[in-house]
Structure formats: structure tokens, C-alpha cells
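Below, subunit A partners subunit B and then partners subunit C, in two separate complexes.
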Partner chain A sequence: MDFMVFQYPMITVQACLDGILLGILFALIAYGMALQWGVMNIINIAQGDLVILGGYIAYFMYLYGIHPAWGVIVAPIIMYFVGVGLYKLVINKVVDRDLFISILATFGISILFMQLMNFAFGADVVLANSGYGTTFLFDSAVVLPNSKIFSAFISILFAICLVIYMKKSKLGRAIRATAQNARAAKILGVDTEKVYAATFGLNAALCGVAGALISITFTIHPYMGLPYTIRSFMIVIVAGLGNLPGVAMSGMGLGVFEEFADYILGTEFRIGSVFLLLVLILVYRRFKLSRKREYLK
Partner chain B sequence: MKINKIILSFISAVAILLSTSVVSFAKVVGDKIVLGAAISLTGKYSSNGVHTQNGYNMAVDRINSMGGVKVGGKTYKFEIIYYDDESNPKRAAQLAERLISQDGVEFMLGPYSSGLTKAIAPVTEKYGVPMVEANGASRSLFTKGYKYLFAVLAPANLYLDVAIRTAVELNGGKGVRIAQAFEQDAFSQDVRLGILDAAKETGSEIIIDDKLPKELNDMAATLVKVKQMKPDVLVVSGHTKGALTAIRQIAEMKVDVPMLAMTHCDAAKLSKQHGKNSQYALCASQWHKTLTYKDNFFKDGMTYAADFQKEFGYDPPYQSAESSAALLVFKDAFERANSFDQKKVRDALAATNMQTFYGNIKFAPGGQNVDKPMVLFQVMCDGAGKCENKVVAPLKWASAKLIHPIPKWSDR
Partner chain C sequence: MNKNIILYAAILIFGLAAPFIFPAFKVQLSILCVLIVLATTWNIQGGEMGYNTFGNILFYGLGMYLCASVQVGMFFPLAEWTESGGEKTFVHTPAQFFQGMAAGLVVAAVVPTIVAGLIGYAILGLRGHYFAICTLGLGVAAGEISGGIEIIGAGQGFTTPPFPNVGGLEARGEFFYFLSFGALVLTFIAVRAIYSTRFRLILNAIRDNEDKAEAMGIETMKYKIIGWMVSAFFCGLAGGIMGGLVGYIDSTDVAFDGREMGVFMVLMAILGGKGTLWGPVIGATVFHIFKEGFWTFFLGWQYVALGVLIVVIVIYFPEGIMGWLREKYPERFGEVVDEADRKAQVELK
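Take a look at the complex of A and B:
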């Protein structure tokens, strides 16, 4: 245990800012997960792998001399079609089934993606340099890489666009209607099959954006998807489905929690602390639910 | 039904026959010495696995074309049976069993990485199969009393030992303040133990001792601490991922530290792909092409590098060079043993004392190579931003002078 983070106020500020910027990025991935969970009742274990695939798109643009920031536009377009393709191939067969079946299916997709990416792109850890420089705050006591600020900004931009799109557009309304009651929506003429495909595509596109941002801010590797799946799962569980402000808040909360766990417990427990938190929240939720049930009895 | 049963038993009989007959065919067949190797051709170690395989193949071709191995007045050629271990230790151990008990291999070459070598060593030891390995540097491999394991490389605890000693020397012999961050795998933890030893001997103090997770891609917290505590040396080891993460974040956060020492810089292609961001980083390496060791097969490092480049299209990383050296060691041992008896070959291996283009090779009783020091290179860039690795320590092979302390980011 090391409480250095509280001894120097500037380190506390640094940890909070790092955490918030990171959390916004997590929230974007989690929002995609919440969307398809809510609409299709599918928990996508391959979420993190879609993120990494998006990252590779930006990385390859970088390799060919295009600035990786353009990846946030190109990656979602490609990933949308990957998502729709995945839906047509696999997901449409499990969408009405038991939750367990869909978890198994997406788990399979996750393994397949990992191996395919490893096969196609190699096992090297890669990153795309943005060359964005650094921002110094408080007499350079707090240091923020501009790439992180850029990521957070782009994430917020995409989240806002998505919210507006869901509210105003025809497809957005159809998606929301399907989420509320798929059968009723079908009766009223909504082509739920199309809605499902679009939802899965949208989620993949969001993952693509996030992946491109991760390749700019951190590193990518074919096997690095799972931590992103776990984080987004955790954020959705805390926030609940269809609760965008909740997702944003719990995303940032998780980011800050992770940063502080990093300082206090050590970097080795960073991911571990996320898992621990997940277990605690699940236990707490169950406890709350069982009390409610007793009350109903 | 009955027909089916008959067919089935026929097939199994044939299968059994085939598998037993393979045993009597392999090992030394005709004029071939068959070596076995499980290599990571897929999975997370696949890029380094391929470097290893290329190194082995290069040496096999070279030795075969230059007269092969002479044993008992007869000339033999090397041949290697490869299996893909999928970067998975369990699979590697299974494959070692298979190579030995089914394919009848009597001599083995090592896999890539300490972890996989650790998985295979008990198997080769059980069957008394001599194994020369080139890519498992973990100290724990050499403390188990293995009799049939020989490593051509220096153990992991010596990787960054030179860096600490150099820093102390430059500090006028006084101890330095060290900040370190290591991934939690066998290799990096051994590097860490080496640093602890060096720190103790030189009276240095370790002020930050962080562990990095496997899924590491953010070490901002460690770097903030470094900024705050201002150590003299920052040591980072976490394979390619650790090197890349450190270089990116140190540059982004403008962390000033007089000496930055790392491992896996060449695997991470720091000088080529990350240029100025990686400038002044010190890297531990088993080998560098500018070293002046010599042998009859590859001549010297520069020639090896040029030949390798011609054959495989890239500059050889040290993983390839050490893998090639493993075959030179085998050839030498076979000829001195003048026999294919496993015990005699083992004893000949233990008595190895030779120079290869990769370095001197002489094994300690534990199996590690004690005659080849690690080298340190520093990433140096010219005005145009073109960066290169230059050997700076030990002084005997230095091709450039160490730049110390590293200039501050604000002055670059």
C-alpha cells in the first residue's frame, strides 16, 4: 500500500484527470454494449476484440502514412459492415435464444477474432503515433498527453451524435421501439431483423472509434481485448441499460477508481481491482434484489 | 457391424505399426542427424518464434552446405522436425514428449521464451535428451540441477546489471537511486532480481519498485512517481509491450531521467519506428552485429547480418543470432563426442569452450553460458531524425560513447 497519491495534491489531481479521460473512452465502449444488450438482449464477449480490430485499422492507416486520427472516421465505417456481417452470419441465429447461448456464441467469436488478428497482423504489440504533444497544467505539475484529451473529446462527440441520432432518426426510433417491446414493434411494422443488424453494426462502429483512439493513446495487441470487454460489462452493470448519463458517470468513476487503485495498490492490481469491484457490485446487486423479493412475498 | 469392427481394428493395427516403426526410423537416419524443436509459430510469441526458426534454418543450411557434421569418419547433415507449440507451455511439453517418444528424436533444440523452455526441460531431462536452447534466459532454468539443458545465452539476471554498474561508475562510484517497473513474468522478474543484486553490491537504493500487469498498456502512475521522486536510473522490463508503453508515455509526459534502461528494444523496433521518442534509451541485448566475435561458418556479426538480410529480408534480431549459435554448438559437440550416444554428446556439450560469431560459449554446471557478457546499446539519432542502435557498453566493444545524462526534454 502506498498513499503517495494523497500526500501530494498534484498527484491526486493528475490521477483524477487521467482517470476521467480514460473513463470517457471506456464509457463509449460500454455505451455500445448497453445498446445491443438492451435491444437484442445479447452480452457481447467479443466487444473488446472489436475494439482491437478498430485499433488495427487506425494502425494500418498510420503505417501507410495517413494520420491515425482519420481512423476515427474510417474505422467505424469498416467496423459497421463487420458488425452487420457478424450479425448475418452468427448473431441472428442466437438473438432470440437464451442469454447463455449468446454468451457462448460471442465467446466463440472473440476467440476466433483473436486468432485471426494474430494470424493476419502478427503477435507484435503496436501503436500509432499521433504526434499530438503534451499539455502542462499547474506549472507543469500535472501532465496530460494531448492524445488522451483528443480521445476523450472524440468519444464525447460520438456519444452526443449517437444520442441525437437515436432520438431524431427513423432508425433510432425503430431501435428504441424494438428495445421496449420487440413483438409490439414488429406488429407495428418495424423490421426488427433490420433493426438488430443495424444495432450490432452501430455497436461495432462505436468499438471501431474506440479502437482507433486506443491505438493513438495506448498500445494494441491481438490478445488485449478482454480487459475492455470486462470494463464495459462492469460499467453497464453499474449504470443499467438505456441510461446514458449513468454509463458516462460510471465510466468516469471506473477510470478514476482504476487510477487510484494503480497508485495505492500498485499497477499489478489495476485490472485485478476492476474484477474485484465487479464481483462486489454483483454481490451487492443480488443482495438488494433478494431483499426486494422478500418484501414482495 | 462386424465388418466395421474389423476395419477399425485393422486401421488401429496399422496405426500402431506405423507409430512404432517411426521410432526406429528417426534420430540419426542414413546421413541425417534429426533434431526436434517445438517453436511458437502461432500465438502470442509467433513473431519471436519465427525469428528463432529462421535462425535455426539459417545455421542448418550453412553447416550442411559447408561439409556437415563429421562423426566416426562419416559426414552427416542436420535436419530439424518442427512442431508449432501455439505459444502454449502445455502444448510445448506435449510436443516434446511426442518428438521424443513418437518421432524418436534424440537431440532437441529449445523453443522461444523462458516459460516454454521451462515446460520442456523436465521432459528432455526425463528422457536424457540433450537440449541446446537459445531463448530461455530465466535464472530458474539453471538452478534446478538439469543435466541435459544447455543455454547459449546469458541468464536474465545479467541483462541490466551492466546498466546499474555503469550508472554507479559515472556517479563517481557512489550508489545511485533506482526506479524500476517490471512485468510479472519469469523473465522480467529475473531481470529484477539481477538489479536488486547489483543495487546491493553497489550500495544503490531502490526508491520505486513497481510491478506491471500482463495486460499493461498504461504506466502513467509509475511515471508520475518518477517525475516526483527524480531517480538517477529508470529501469523498465516488460517485453515488447513494456518497451513500447514506456517509450510512448515517457515522451508524452516529458519525463526527465538521467538514464533509462530497458529490455526488448530491438524486438519493439524502437529506433526504426519510434525514432526520436526512443532517443537515448539504453537497451540490454544478447548480441549486436557490430561485435567482433568470429567463427568459420558465419565469419562475424556483420557478415551474418548481411547474409540473414539476404535470405529473410530483415535485419537479424539477437533471437535469430543466438538460435543459429545453438546449432554451431551442437555440431561442435557431436564432432568432439565422435558418437551419437546421448550421454557422450551431453558430456561433450558440458565441455564446450568455443567462439562463435555470436559470442564465446562455455557452460556453467547449471547449463547457462558464462563466457558471454550482455551488451548495452543506446538509441542514437542524427540531425535528420534517423535513429540507430549503437553499442556503448562494455567498453571493449563500444562503437559509440554513452550519452549521459540524457538531455532534458525541454532542451531537445
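Take a look at the complex of A and C:
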């Protein structure tokens, strides 16, 4: 236990800023999850592993001498095809089935990805060094790596692009129509199968962007995927499906929570506190909803 | 009925004789017994009640830590034991070992039951995938948190007391085999007894339509919690035995191992057939044989195989072996089959 955070206000500022910049990244991943959950009614446990895979793409560019920031462009393109491939192989067989089937199937994919990445890239914790330097605020009391600011900026950029794309483009309209009512969309000539594939691909692409940014800002490791899945799931249930400002806000809130948990409880309890928070949120939600006698379906 | 008694007697005799017929496989057979216990208890939630939990691993890991802690803590200071090399300074005498094990197993079974009762009210109110993800989070959180607690060894693990030097070389394997086989028999008898009462019907009603069951005047929450407590009791017991058998407890790799044991119990129950008495037993046996073969011949690729296996089982065999048999020979399951009806069903497909 460390209560420094209450005695030195600058640590509070540091934690808040770190948390917000981190939370924007979480929100980007959560947006992908909300997209596929809303459209296909699938909860993808492999979400975090897609993120890590995107991170390894950027890391490999860094290894071969290309600046890892270009991974922000390359990773989503590769990940889009990975996502579409995954859809064609597995996900299309579980779309109409019981939700638990999809959870378990994607859990299997998650284990598979984890281990394949472990074979391909090794079990070391790696990061792609962007060489962006750091910014010092308030007489060097607050230290912000520029890469964090860069990653938050890119995430916001991608989120805005995606929102505009979903509003204006033909595919975006088809995706929104399918989310509202898949059967009606089918009657009106939307090829829902294609829409599902594109949605899953888009989600994977978003994960790729987020992963590339994470490999620049933080570290990646083949087994670090599941916490990202849980975080994005948590953000989505707090914000609700299709509530984009809510996703952004709860993402930042989660980021700040994590930074404070890190300072107060210690780093070894960081992941544990995230998972406990999920349990607490779900339980709170259950009591709130049961008072209205409306159950979660 | 007569045929059943012969079957049970045959299994019992085989189980009692197994360590002497296959002395080289004693450890494997003990693990098989533990796996069957886990799959059978998971089936109470996942199969009969329709609450797909990833969280039974919580009770398993809790039982494992509790049993070892009690076994050590009864005679020696726990904190010194878990410091590096501590297990070499203290030695259990045979009497201490067995007394500690007995007390540890009681605690390992009772405390998770109480925990299940306490958290059950909050967690079991969740439905469907919220419940699944919540229990997944619970299992992982328990692993992460126990990995940070110093007194039970934190990240470096907890070595359980070594088996005392009595009864020759084979004694350790036989002791743990009979312990786990005993747990298996106890579990099977208890679950069978439960399934023959009204309790099973209530659980099935909850699975089929919980709101209607509640409207019919069943206190669903009470039965859900009792069901979870039964599972927790046997999961904790199995965990305590497994801790002694493995001899070493690590927070995320042995005790709260959601990636292995937590998925295995789900997979075994689904492979055998959810919602049947024998399904998990058959599923666990088939799975264990398959798993051991794979782990031995394709070492390193086992998790890849596990991932593929999960996807294949879930997509292509969601009904499991018992479900497949039931579809093929419905008469043996006591179902009255109308030929015309069956033909119509085939045509519908």
C-alpha cells in the first residue's frame, strides 16, 4: 500500500493524464467490440489477442528498420484480412447460435492465437521504440512520453474517421441496417454475410491500430491479450451499445482507475483490480436492474 | 435396475483394482478422477442449470491453497514455510502429514462452499453471457490477486508438504489415487442422489425458462445458490487433492488455471454431453486419453491443439457424445419414438 498519491498532488495529475491517454486507447478497442457485438451479437474473447497481433506487426516493422508509427497504417490492413479470414473459417458458424457457443469458440481462438504468437515471436516482453522523446510539465513533476500523446491523437483520428465512414458510406449504412434488424436488411437486398465479414474485419483492423499504438507506448507479450478483452467488454457494458461518447468517457475512466490502482495497491494487483472491477460492475448492474424487475437478456 | 447394479459394481471393482493392474499410470488415473469430479460438478451449472460458468476454477484453486495452508499451518509457521527453501527446514512426521491432510481437505471443501453461498446471491442473478464473462473475470482476478499475496508464496509458488517416508515407494501414488477415487465415488453418489430428486427438475426448469419457473412459485435464486454450493464443495475437495498430488502450487499455472483446468472442465462436459449424468464422466475419460496422447507426442503444440479442439468441439459437437447416442438410439434413453414423427423431423432438417 502506498499513499504517496494523496500527499503529492502532482502524482495525482500524472496518474490522471496517464489514465486518460491510456483510456482513449481502450476506448478504441472497445469501439470495435461494441461494433461486432451490436451487429453480430458475438462477444469476441479473442479481441485482446487481435490487439497483441497488431502490436507484433508494428514491432516487426521496427525490427526491420521501418519506423513503428507506420504500423498504424500497415497493421489495420493486415488485420482486416486476418479478421475476414477468421470470420470465414470460424465465426460464420457461430453467428446465429447461442451466445455461449460464440464465447467458447472465441476462447478457443484466443488460446490458439496466444500459443501461435508465443511460437512465432517468443515469450519475451517487447516494445517498439518510437524515439519520440518526452514532454515535461509543471517543473518536470509530470512526465509524459510523447508516444502516449501521439497514440491518443491517432486513436481519436481513427475513431472520427470510422464514425464518418459508418454514417456516410454505403457499407457503413449496410452495417447499421443489419445491426438494427438483420432480417429486414436481408429482405431489402443487403448481403448480410458480407456485412458480417466486413464488420469482423473492421473490428480486427481497429484492434490492429490499437495494438500498433500499444507496442509503441507500452509493451506487448503473447499472453497479455485477455485483460484487453475484459477491459473492452467492461467499457461496452458500462457505456451501452452504440453510445460512442459513453465509450470514450468510460474508457478514460477505466484508464484513470487503473493508474490509481497501480499507485495505491501496487503494480502486482493491477490486472487483478481490473478483473475485480468487472465483477463489481456486473453485480452493481444486476442489482440496479433487478430493482426494476428487468432482467439481463 | 439389475443391470445397473452390475455395471456400478464392475466400475467400482475396476476402480479399486486399477492402481495394481496399471501401476505405471497411477498418477494419470488420479488426475482422471479429479477431472471427472470437475466435469461432473461443472455439469450441475452448465448442463442442468444452463448457467455456463468459467468460475468453478475459483473453488478449485481456493481448495488447493486452503488444503496446503492448513496442512502446513497446523504444525509450522506458514510464512516461514513459503519463504524460499522453507519447506526443507520443516519436516512433517507421517502422523502430522495425514492429520493435516484430513483437516485440510475438510477446510478445502467447506470454505469454498461458504464462499459460493456468499457470492452466489450477487453473481447468480446475472444471466447468459454476463454470467459467463463475470465468472471468467472472477477466476482470473483470483489468480492475479493470490499471485500477489506474500504469505501463500506469491509469485514464486507454494510447495505442498512432501509425502512422508512410509509404506514403500508406491505408497504416495496409491494414497493419492485412493483419495481421488474416493472423491470421485463420493461426488458421483451425491450427484446421482441429487439428480433423482425434484432438485434436478427445478434446475432444468431454470435452464429452460427461468422467468416462468419463478412465476410457477419456485424460488429460483435459492436453488441456484444450493446448486453452486454443491459444485463448490466438490471442486474444493478436488482442488485440495490435486494440490497434494502435484506437490507445487502456483497461482496462475496450477491453482487458478483458467487457461487449462478452467476450460478443461467446460470442454469435458460438452464433449461428453451436457445435462446428462454419464456425459461428463465419458467426456472426461475421452478427453484425458486424448490430451495425454497429445501432450506426450506433440509437446509444445498442445495449446494449439487445445485451441483447435475447443473450436471443433463447440462448433461441430455441441451436443456431445451422449447427445449423439441419444439421437442415434433414442429407445435406450427411455424415449418413446414415433416413426412418422422422426421422419418428419429428418425432413425438416
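Assorted remarks:
As a convention for this text, the second predicted complex is superposed on the first by the 292 of 297 C-alpha atoms of A that agree within 3 Å, B and C clash if a C-alpha of one lies under 4 Å from a C-alpha of the other, contacts with A are read in each partner's own complex, and residues count from 1 in each chain.
Heads up, the rule we're going with is that contacts are C-beta pairs under 8 Å (C-beta built on N, C-alpha and C of every residue); 3 or more make two chains touch, one makes a residue touch a chain.
Remember, predicted model here, so these are calculated numbers, not experimental data.
Of the two partner chains, subunit C is the only one touched by A:93; subunit B is not.
In the overlay built on the shared chain, the residue A:219 is in contact with subunit B alone; subunit C does not reach it. Of the two partner chains, both subunit B and subunit C are touched by A:266. In the superposed model, A:123 lies in contact with subunit B only, and not with subunit C. Once the two complexes are laid over each other on the shared chain, residue contacts for A:134 go to subunit B alone; subunit C is not touched. Contacts of A:240 after superposition on the shared chain: neither subunit B nor subunit C is touched.
In the superposed model, A:9 makes contact with neither subunit B nor subunit C. Applying the stated touch rule to the two superposed structures, the overlap between the subunit B and subunit C interfaces on subunit A comprises residues 115, 119, 226, 266, 268-269, 271-272.
Touching subunit A in their complex are the following residues of subunit B: 42-47, 87, 181, 184, 210-213, 215-222, 224-225, 227-228, 239-241, 244-245, 248-249, 252-254, 267-268, 274, 277. Those residues of subunit A that touch subunit C in the complex are listed here as 43, 90, 93-94, 97, 99-101, 103-105, 107-116, 119, 226, 230, 233, 237, 266, 268-269, 271-272, 275-276, 278-279, 282-283, 285-287, 290, 295-297. The touching residues of subunit A, counted against subunit B in their complex, run 4, 8, 11, 14-15, 18, 22, 115, 118-119, 122-127, 129, 134, 136, 143, 145, 147, 218-219, 221-224, 226-227, 259, 262-263, 266-272.
Residues 52, 122-123, 125-130, 132-134, 136-138, 140-141, 143-145, 147-148, 154-155, 210-211, 259, 263, 266, 270, 300-301, 303-304, 306-311, 314-315, 318 of subunit C touch subunit A in their complex.
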